[in-house]
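Look at the two complexes coming up: subunit A is in both, with subunit B in one and subunit C in the other.
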Partner chain A sequence: MAFETGTATDYRDLLERFRAFLTKNPALVAANQQWTELRWISTDAGQQLLLRAPGLAGAEEIYCGIRSYSNPTSGYYMWDLIGSIGFNPANGFTDQPGALTGWLPMMSLWNAAMPYWFVASGRRAVVVTKVSTLYEAAYLGLILPYATPGQYPYPLFIGGSMTGQRGRNYSTTGPNHRHFVDPGDDGQNNGNTAAMLRGPSGAWLPFQNVAYSSGEYRYDNARIVWPTIYSYLGNLREAPDGTYVLTPLVLTQWNSGSDHDLFGELDGVYHVSGFNNAAENLIKVGGVDHLVVQNVYRTSVRDYWALRLA
Partner chain B sequence: MAYLTGSATGPSQLLDALRVFATANGWTELRWGASGPGQQLSLQNGTQFVHLRSAVNEAARPGYGSVNGIFLTGSSAFEAAQPWNNQPGTIRNTGNQIEVCGLYEVGASSTYHLFALDAPALLLLVAEVTPGVYHHLAFGNLAKYGNYPGGAFVSGAFASDNYIYGGSSSGDYIFGHAQDRHPGLPFNDYKHYGGNYVRGQVDGFDGWFSVCRTNPHTGKRAKSTWEDGTGGTRESLARYWWAHTPNTLNGVAPMQPFYVFVERPDGYFSPFGYTPHLRYMNIQHYTAAEPFAIGREEWMAFPGHSKNGKSGAHGYAVRLVR
Partner chain C sequence: MATLPGSLLPGSIVQEPTNYRRSPEISEFERVTYPFDARDSAAPASGAKADTQPVEELRISHSGDYLPSFVGDWYHRIHLIPARIDLGNVISPVERRLEVWNAYLEAHTLNAIEATATDGLTLSGPPQPPLDFGPLQTRLYRFTASSRGAPLIDARYTFRFASGLVAVLPVTGRRVVVFGIRPNWAAGITERLEWLTEVLEAHDGTEQRIRLRQMPRRGFEYGFLLEGQDARVLDHLLFAWGGRTYCLPVWTDIAYLAEEVRAGATALQVQDAANSDYHPGGMAVLWRSVLDNEAVQVLSVAGNTLTLNLALGRSWPAGTQVFPARLARLDGQTAVRRPTDTIAEGRCRFTVEDLTAPAVSEPGPAYQGYRIFDWPPDRSEDLEDNWQRKLAVLDHGTGVRGYDDESGTAQMGRRLAWLLPDRSQVSRFRAWLAARAGRANPAWLPTFESDLVVTRPVATADSGLTVRNVGYSHFVAGHPQRRDLVLRTTAGVFYRRVTGADELSADEELISLDAPLGVTVAPAQFLQISWLELARLDQDAVELFWETDQVARLQLSTRTLSS
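== the complex of A and B ==
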């Protein structure tokens, strides 16, 4: 696993740094877990990066992509996030084999300096960046499935911070602008969310904990992230000695009483209480630092998660 | 001998089986002898003290109903001059009356299963009191989330009284009836009075927290993963888990430790500990007392009460070391 932190000059520089990190980071290279660059295009209109991750033993082919673009008039500077099951050099960014379609998970960035945190293994990569006073995040790669590779061979998850259907500026507020750890929907099309999993059947499945309303109420959607759906997390604080407890985040599905699943856990990403906590705090668990992250602009007790920095 | 199965005729013989098994697995017998029509037993493991009493058509104290079974309580020390229910630091309600949990409804003959685990210690007794109906009692220590005094627990299928599952409008007795004092499952806090207690020294309080939904006997409340069982699935960690297992994908039912949280003076709850050897489980694909393997680990599944009966598919699994 590899970790890097620094400051990018803008949204384009952030992608160039992420590209270099995934393909050349010494720790990834030493473990033979560096990602392969399949396409890199950089023009004035934007950038396009398509990648293949090798898995932990070099035997897997995990396809992810990012493209950047902007609209200075409207004041947005974006990353679109995508996943697929293969790569065809003749195809564009959104029509790769088995690609995620529709409104993609996104990160809303800006055209100014941004602190960032990159974490990656051969299976997945996570990005956290600070835009003004809020935080954006992305997850590209496999989850840790509660199934064997034969039962569920390609549990690809593409997580972001927002969908763009209700605006793209980083200052946009509402349930469509939430991290994948506790996702919302855009209220116009429930298939649009910043948390998408390729299910065992090959269909892309949206996950939503929060409904679109001014109150951002929790609802028993068909697919949610556990335990962040839990209503009483707002009453949870640290252990009696001040130790913060990390809880795995599990992707779940309930279609009917006879059709339901716990698909598996996000890799290196956990719920943590926000009680007396703050974004960018470091929590050491098992000798490893974990970065505390707030859900975009939200700072209530229930709106925090932790990223393993290794 | 970390696992033993057998049969007992009556509560005192069942308690004797527990005594022999416990002392063979690291627990020190402090006292064993007659107490009224039953037997009293005190055990110690390190700083942990538990006291048990076989009940033969007796009540835990005046005001409660009579039961046939075993009462269980904990304390902070042992005094040989005092009976099982008057030990230092024992579990008392806010009126200074003894409170217990237990395993009741013991019939003329019960098949039992005894488990002993270490690090942290767990001793579990499950008895099939009538065909298909299983009750438990357990004691030991939680795996704590930090470094603070406490962590001992006692757990019973029943609270101090012998109320069992009542009516259920939903057909789900585990979640359908909040008034009962029969938790059934370990650490089921979806009951008013609770049948589980954890000891801790938190915020100046040094004593027993009652794991329950409301009305803690001891005045200090803890909760587990069940919370408001009648609400939406988003209002209970375990209810949500249960509703999504076993996986349709492969038939597997991922297990979940029983997480315990203690209430702080500010109204927030602190994660206190969990049960690494004892885990909630949807037992739809398991029969009662069925052993199964997860990698190199072996586990055994039990229903909260009766599979496809009053506890439906709710159950738990315990790590099995033969």
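== the complex of A and C ==
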């Protein structure tokens, strides 16, 4: 729907730009899909932004939030990402009604210049930003559920790049530092992940592809993201005519070997082969550019995804 | 570009020990003497960082394609949910919810809803078109079908969008009218159950039976006597709906409302539901008069409580009659006599359309692979036996006639009648009839006659009976069709097979049994000894004649098989 790219001077500037983008971007305003700012607090200690998205038809209320904070001594500059089902002005950032609990999906940023790409519609917003030579990403808002609005009215997905507390620095390597498109856990609490979906029952469901203990893909996990879980994805190349296949990212629940539930797919976010490909390449599908993003610091063939820049 | 100050930490003097593995030529170090020359140590050196961030990437453009996924099934189309509405039998106003979902990620405008053949149907809810559907917006419509309107519902609603998109909703169903003409019990009600069996008889009289119908056909026939307003209603009921399906109360299974049931209630309390024709998904009729009645659909039956799938449209006072109901069609001509200008008297015959499988159960002890049906018949009318032979007569007209007894045995046909005094007995008998499935399945049937008379006491271990000589050993002697006995005594009922017979004297013969009775029985204790015959019904159609709503009669003809 709306797309903006630029360079922020630091993690605080990035949030201010994101806030301005969601609430004032001309394309969003023209489509009547601009987000409403419910709370904006900016102090030396950090910033807090709570938002309400209107949905595509303006008939929905989608609640998301971001807060920034830093610890210069330990050298980390963070965004925390949250989603809820409502907004109460009296409540704090993590106490909003139906809010995501536990360790929130995070983005580990820095206090220096960062190129960024913002994409948003009335349903969801995606942030990609480049810290040094690695990439951080966030997804806030609804997925496209495989259900009618009546069957699954609030498929809110909060995705980030980092989870738990096994190192917060952007340079942390490990399964706790993975994008929501191919999420991992931090090994301390099985629920910690940077990919959380509000399920049809109203419970927050974690999605994890990679175990912290072994750093390996875990096929026994209850909820996984397809196709990034797939073993042979590293063998995937472009098509014989040179075009790249963009595969939808499907949130999946594994009940048994023959019984899987599919919740739906991420909106405008696809897996793409990294073969002969690199971050920030652009893939054109039907006249629309898709930004190729690598999973944080990972550059193997399987670790790339694409973001529709529209 | 930002320039940040930086510094290098001072290092310490490197003083390596003598290393004997090095060649002497290069391991000759010069001794460092104190004080150091400033050049001998690395002093802290400061430097400046030229920040190259952010790094520009080399960007290459590729072209790509999306991999199709379920998203194509769900999105980028207009959904009508449900995609079609089958109203089934509309016996009372029906309401359904219709969801129209614009599953496009862009807005579409609904220009018109075109409807055809919508007699008695209404679609309401959202405002009239033109109506904007935002991206992924869903709107709920209320769809109602009233019980008045065309008998056959075959409507189409076409949702036309400005962009040329079209979504079509077909609606099908039937309307049902209650045939509320109650029977004249003076002549009772006849209920007919018809199975169908193909019997292939071999030359030797054995046969193969093939059941051709899974469920018996069912029909009702009854007379009515109407006067005044009711007679006039009958006229128009026959005039308008004669070729269609009526909702026919099963008049025999009557129940009464013990207390008032108010509008909006979804449950009814009836009596004796277990022995009535209620079934989940079936119908029931609340009846007060020919015109004042209501059909309802039964969702489930638990004990004597019927749960309805729709709330009652109005209140019904205590004493209202409740009947189970079937969809039925008038069969053949309906003759109505008119003794006066306001009286109508006639008979109507119905065939049931919504058949359900009858309950099957076979009481009675098992014996030699089949069950014994031990239900004495009613002798208010004479029972009748008839004896047939499969006898071929070879007559050339000129000489002596030749005869060929093809099977070599007699076929015994019997006509038996029963009087079933209450509904539970009727249910049991019905279940037994269902187990027979017309001519298909045989059972052991006693002759219900006193066939043998015991002359001497039978001891515990005796494996024989001494009986008055009836010529059994002489004529029959353990023939397969006549060798099983039911012995009714004051000490119990025994079923035994005859293994042999000997004539003891002109007055007595000895019948050997396959097992002793196990008790001592004196001759006077024998109440009745009847032959057991393996028999099947000799008719596929059975008529239950209901004298009242409790008492039914029926008559069966049976025929023996070789066991």
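Throughout what follows, the second predicted complex is superposed on the first by the 297 of 310 C-alpha atoms of A that agree within 3 Å, B and C clash if a C-alpha of one lies under 4 Å from a C-alpha of the other, contacts with A are read in each partner's own complex, and residues count from 1 in each chain.
The rule we apply is simple: a residue touches a chain if its C-beta (ideal position, glycine included) is under 8 Å from a C-beta of that chain, and two chains touch if they have at least 3 such contacts.
These numbers were taken from a predicted model, which means no experiment stands behind them.
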Partners on subunit A (subunit B, subunit C) - clash or fit: fit
Which of subunit B and subunit C A:N192 touches, first, second, both or neither: neither
First, second, both or neither for A:A112, with subunit B first and subunit C second: second
If touched residues of subunit A are counted for subunit B and for subunit C, the larger one: C
Contacts of A:H260 with subunit B and subunit C, given as first, second, both or neither: first
Subunit B versus subunit C as contact partner of A:Q47, first or second or both or neither: neither
Partner chain(s) touched by A:T163 [first = subunit B, second = subunit C, both, neither]: neither
First, second, both or neither for A:N25, with subunit B first and subunit C second: neither
Touched partner set for A:F275, first subunit B, second subunit C, both or neither: first
Superposed model, angle subtended at subunit A by subunit C and subunit B (C-alpha, nearest 10 degrees): 50
First, second, both or neither for A:T243, with subunit B first and subunit C second: both
Contacts of A:D220 with subunit B and subunit C, given as first, second, both or neither: first
Minimum Cα separation, subunit C to subunit B, after superposition on A (Å): 5
Doubly contacted subunit A residues - partners subunit C and subunit B: 146-148, 238-239, 242-243, 245, 262
Subunit B-touching residues of subunit A, taken from the complex the two chains share: 146-148, 151-152, 200, 218-220, 224, 226-227, 229-232, 235-243, 245, 252-254, 258-263, 275, 301
Interfacial residue positions of subunit A with respect to subunit C in the complex: 7, 55-59, 112-115, 122-123, 130, 132-133, 144-150, 238-239, 242-248, 250, 262, 264-265, 270, 272, 277-285, 290, 306
Residue numbers on subunit C that touch subunit A, as the complex places them: 2, 51, 53-55, 57-67, 69-71, 73-75, 79, 81, 99, 101, 105, 107, 133-138
In the complex, subunit B residues that touch subunit A: 144-148, 200, 202-203, 227, 231-237, 240-241, 243-245, 247-250, 252, 254, 261-262, 264, 266-272
